[in-house]
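There are two complexes below, and they share chain A, which is joined by chain B in the first and by chain C in the second.
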Partner chain A sequence: MTIDTKILLRIFLIIALISASQAIYCQSNQGENIFSPENRLKFGNYLYKEKDYLRALPELKEYLKTKTDDTTQFRFADCFFRLNRFSEAEYNFRTLFSSPTLADESRLKFFESLFFDNDYAALREYSERNSYSDFKYSNEVNRLKYISFFFDDSILPKENEMLNAFPDSVRPQILNYYLLKKFPPAKSVATAAILSAIIPGAGKIYTGEIGDGITAFAATALSAYLAYSNFHNDHQFRGWLFTGLTAFFYGGNIYGSAASAQIYNVRMKFDFQKSVKLFFEERNYFLPEINF
Partner chain B sequence: MKFIFMLFFLSAVSLFAQNEFVKWEAAPASYEINNADRHDYTLDRSGFGMTILSVLRNGYYFFVSDLDGDNCAFSPSCSAFFLQAVKETSIFKGALMFADRFTRDINFFKGLNHYPQLPDRKFYDPSSNYTLHSAKIKFNLP
Partner chain C sequence: MKIKLSAILIYLLISPSAWAQSSLSIQFDYAEKLFNEKQYFDSITEFKRLLFIDSDGQYSYRANLIIGKCYKEGAKFDDAIKYFSFAAKNSNAPEENFEARTQIIRTNILRRTTDRALQLCDELDTDPAFVDKKDEINYWRGWAYIFADDWKNASLVFGRIDPNHELKILAEKTEKAKVSVTFAKVISYILPGAGAIYCGNFLSGLMSAGWNLLAGYWTMNSFAENRAFDGIVVGELVWLRFYRGAIQNAEEFAVEKNLKISNQSLRYLQNEYKGIKP
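Now for the complex of A and B:
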């Protein structure tokens, strides 16, 4: 063994010794339980602040198994809410209704959960119950209730009743939406079909599909003319062939006009809901930010 | 010696790089239809009527569509739409739906309509939108 090798061996031994001592030092921390409820709460709160709600949930849940804390319970429910797991959020917010500090906030979030869960019937039913309606955020919940009427087919409340729930600045727009919802500019399926039966293509033009209407008229008229012309010139086979083609275009156009009216109505409803949703989303549905 | 090696490696790289020019040369054109673009000839065995219709469709694919190319502006194409419509409704209703689709297809200005466009620029127009059931109407692309 040369001297160089000896030196190298010594250096290696020193490094090995230092590493081993570090490992021993690390082991000495074993006495502290990193999975204690307090540590879980700390980590859960950290994840919540980092908006990692999915991973915050099990940490907060473990903490809540051993201790009761309204703020943590609220955060736990809020994690479900932010993950769009609204039915679980509803259940967990409901457990805080008798909380001395967060009762009003949890009631508001409970109603928000119902709203975003598209459970409008339950939202209206609960908001009209005395035990649920009288609290700090009842105006906000009332507004949510009125907004919900734009998203389903239930009977609209009275115009003034609805408008009074919103600030003056947005009332003209709300009135506009109210009138569009109450008197939608829909096209009648029967009218479209009848119009096409009288004049081929007219039903399509009625539903706004002008190009399709003109094409249907041209196709039906041309095939009808060819049928007539062939019969007139004693070409029976071709006459019947074009008669069949005329019936094909004529029948298809009547059916297509009815379908076109229906598609028009669905599209109109879709666009209306999209516009209303965008309008309220831009204003956060008139909901306050809760700091806790 | 070092310089000789360096020169050798550099020249080797540039020689290799020259090979890339090959791909810019004129290649013989092929007008054969790619097999991947051919239609699916699988028979629909969900019923006797559907089997007959899919045989007719296959005949159309073989004698017309595969020779002519994929030219229908819609997706699904008119023939596929007809089969879907019949499967979803009945032969009578499916035929009416097809007649309407055919009329819409021969409209020169169909691009002005509200059809959503797929990445290959075809108009997305599924048969489910024309069954007269408003709950089945969808505007979003698949």
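Now for the complex of A and C:
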């Protein structure tokens, strides 16, 4: 073996060692199974942070098939929540009720899921159960329960009970909403119809349609006058024609006034709910932000 | 001996990086296969996985571009634009940058945000890197005008590419076939029913003219016979009603006809045109 060969062999050995270590490095990073549960979890968490909840779900699910991890389970449930799949969110948050670290947060999210699923009856029922009511976020849940009364036709709780659940700064507004909900300024359909039967157009004016009311009165009065005038001048055909027209205007106005009252009530209810929703949405329903 | 040693050395030096390379390329091929099979949801997931493991950003351009295309196929235009923008940002060559930016323009065309599409075309137009791409830029500008129902400008822009460009001829034909809504209304003011006839609705136009003639006769006759009240009632409730109806009809017919003509051209572009589409 010549000296050159010996040097070459040494260089070869050194490079071989470096290459081997590189290979091991690559094996452990780039070359590893990207579909292993751990890598799926990493990818799932990345998607979750990117707010791609729909794609995060199967990744986290695959991981949870192999290991139990409360944080991952919570994120898994939260993906359903953020995708507005509240029933699945409820089910998955419920599995964390006995978690040593995330029990309180899971309970809160469970109640939030019920609320946003419009399942107000269940929200109230669960929130009043002892096993569900005593935890870190029970005040928040209590508030959610009271807010839910604004969105359905249940009997309202006592004024003080409701107001005490909210901070002082918003109590006047809550009281305003409470009173509007309890004593809605609705218009009576019967009153509107009767008023229009007595004075054509009065029912419309009663429901706030002043222009329509005046027009209805003028049209009915004019056609009635024309009917009278034609009969008076012995124009029988025209007399009956305008009599029919007057009857049509008169009857139509009574019906229109009743409909107008109904429309008014529906619009008022819609505006009320929209206003309440906006008020609570702006304040995130007084819920804390839970970030992972 | 020396040759053998050198060969082994080269192999040992290249093999680890090649191995890592293949791992990413396998994932890329898999994601691309899903894209080619039109499984866009899964393709996006796998490209995102690729981007997640591709710490060097080797596939940033291509992965983001195809994710954008997947979103575009699913009509998620906002997301598509987001990923095409990432692709443009991560492009390594002017060609790649141009491809990503034209994809953004094409998505804006589909999203009907024409002003934005035209603005992006202008930006590309003024970019010195793309002076040789004028025709392609004009091509997409023309498409933006087509989607904005502005066939006149579309014809002008396609004409800049080639005076005999297929799309120029189509846009010109479409523009010529269209009727003027204002003209239809104006002639209906002068002669009720004329607007409808101008739009090709002969029966409706003649009926309208007939009703107006009859109602006009009743009105005039009432006044001629000193029945002023009858004249006012018939004039107000019958004649004026037909007269206004004829004008409204003319406008509706003109708008409807123009829409039909545009849709016919768009249908041709969708089903029969062989060139690249947005």
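We take it that the second predicted complex is superposed on the first by the 259 of 292 C-alpha atoms of A that agree within 3 Å, B and C clash if a C-alpha of one lies under 4 Å from a C-alpha of the other, contacts with A are read in each partner's own complex, and residues count from 1 in each chain.
Here is the rule we use: a contact is a pair of C-beta atoms (placed from the backbone, for glycine too) under 8 Å apart; a residue touches a chain by one contact, two chains touch by 3 or more.
Bear in mind the structure is a predicted one, so any value in this text is a computation, not a measurement.
Asker: Tell me which partner A:55 touches in the superposition: chain B (first), chain C (second), both or neither.
Answerer: Only chain C is touched by A:55; chain B is not.
Asker: Return first, second, both or neither, reflecting whether A:43 touches chain B, chain C, both chains, or no partner chain.
Answerer: After superposing on A, A:43 lies in contact with chain C but is clear of chain B.
Asker: In the overlay, answer first, second, both or neither for which of chain B and chain C A:240 touches.
Answerer: Neither partner.
Asker: Could you look at A:34 and tell me whether it touches chain B, chain C, both or neither (first, second, both, neither)?
Answerer: second
Asker: After superposition on the shared chain, which partner residues are touched by A:219: those of chain B (first), chain C (second), both, or neither?
Answerer: The answer is first: A:219 touches chain B but not chain C.
Asker: After the superposition on A, what does A:270 contact: first (chain B), second (chain C), both or neither?
Answerer: In the superposed model, A:270 contacts chain B only, not chain C.
Asker: Shared contact residues on chain A for chain B and chain C?
Answerer: After superposing on chain A, no chain A residue contacts both chain B and chain C.
Asker: Which bits of chain C are touching chain A when the two form their complex?
Answerer: My answer: residues 1-2, 5, 8-9, 12-13, 15-17, 19-20, 23-24, 27, 44-45, 48-49, 52-53.
Asker: Given the complex with chain C, which residues does chain A contribute to the contact?
Answerer: 5, 8-9, 11-12, 15-16, 19, 22-23, 25-27, 29-31, 34, 39, 42-43, 46-47, 52, 55, 58
Asker: Quick one: in the complex, what on chain A touches chain B?
Answerer: Chain A reaches chain B through residues 189, 209, 211-212, 214-216, 219, 248-249, 251-253, 255-256, 258-259, 262-263, 265-267, 270.
Asker: Any idea which chain B residues touch chain A in the complex?
Answerer: 93, 95-104, 106-110, 112-114, 129-130, 132, 134, 137, 139
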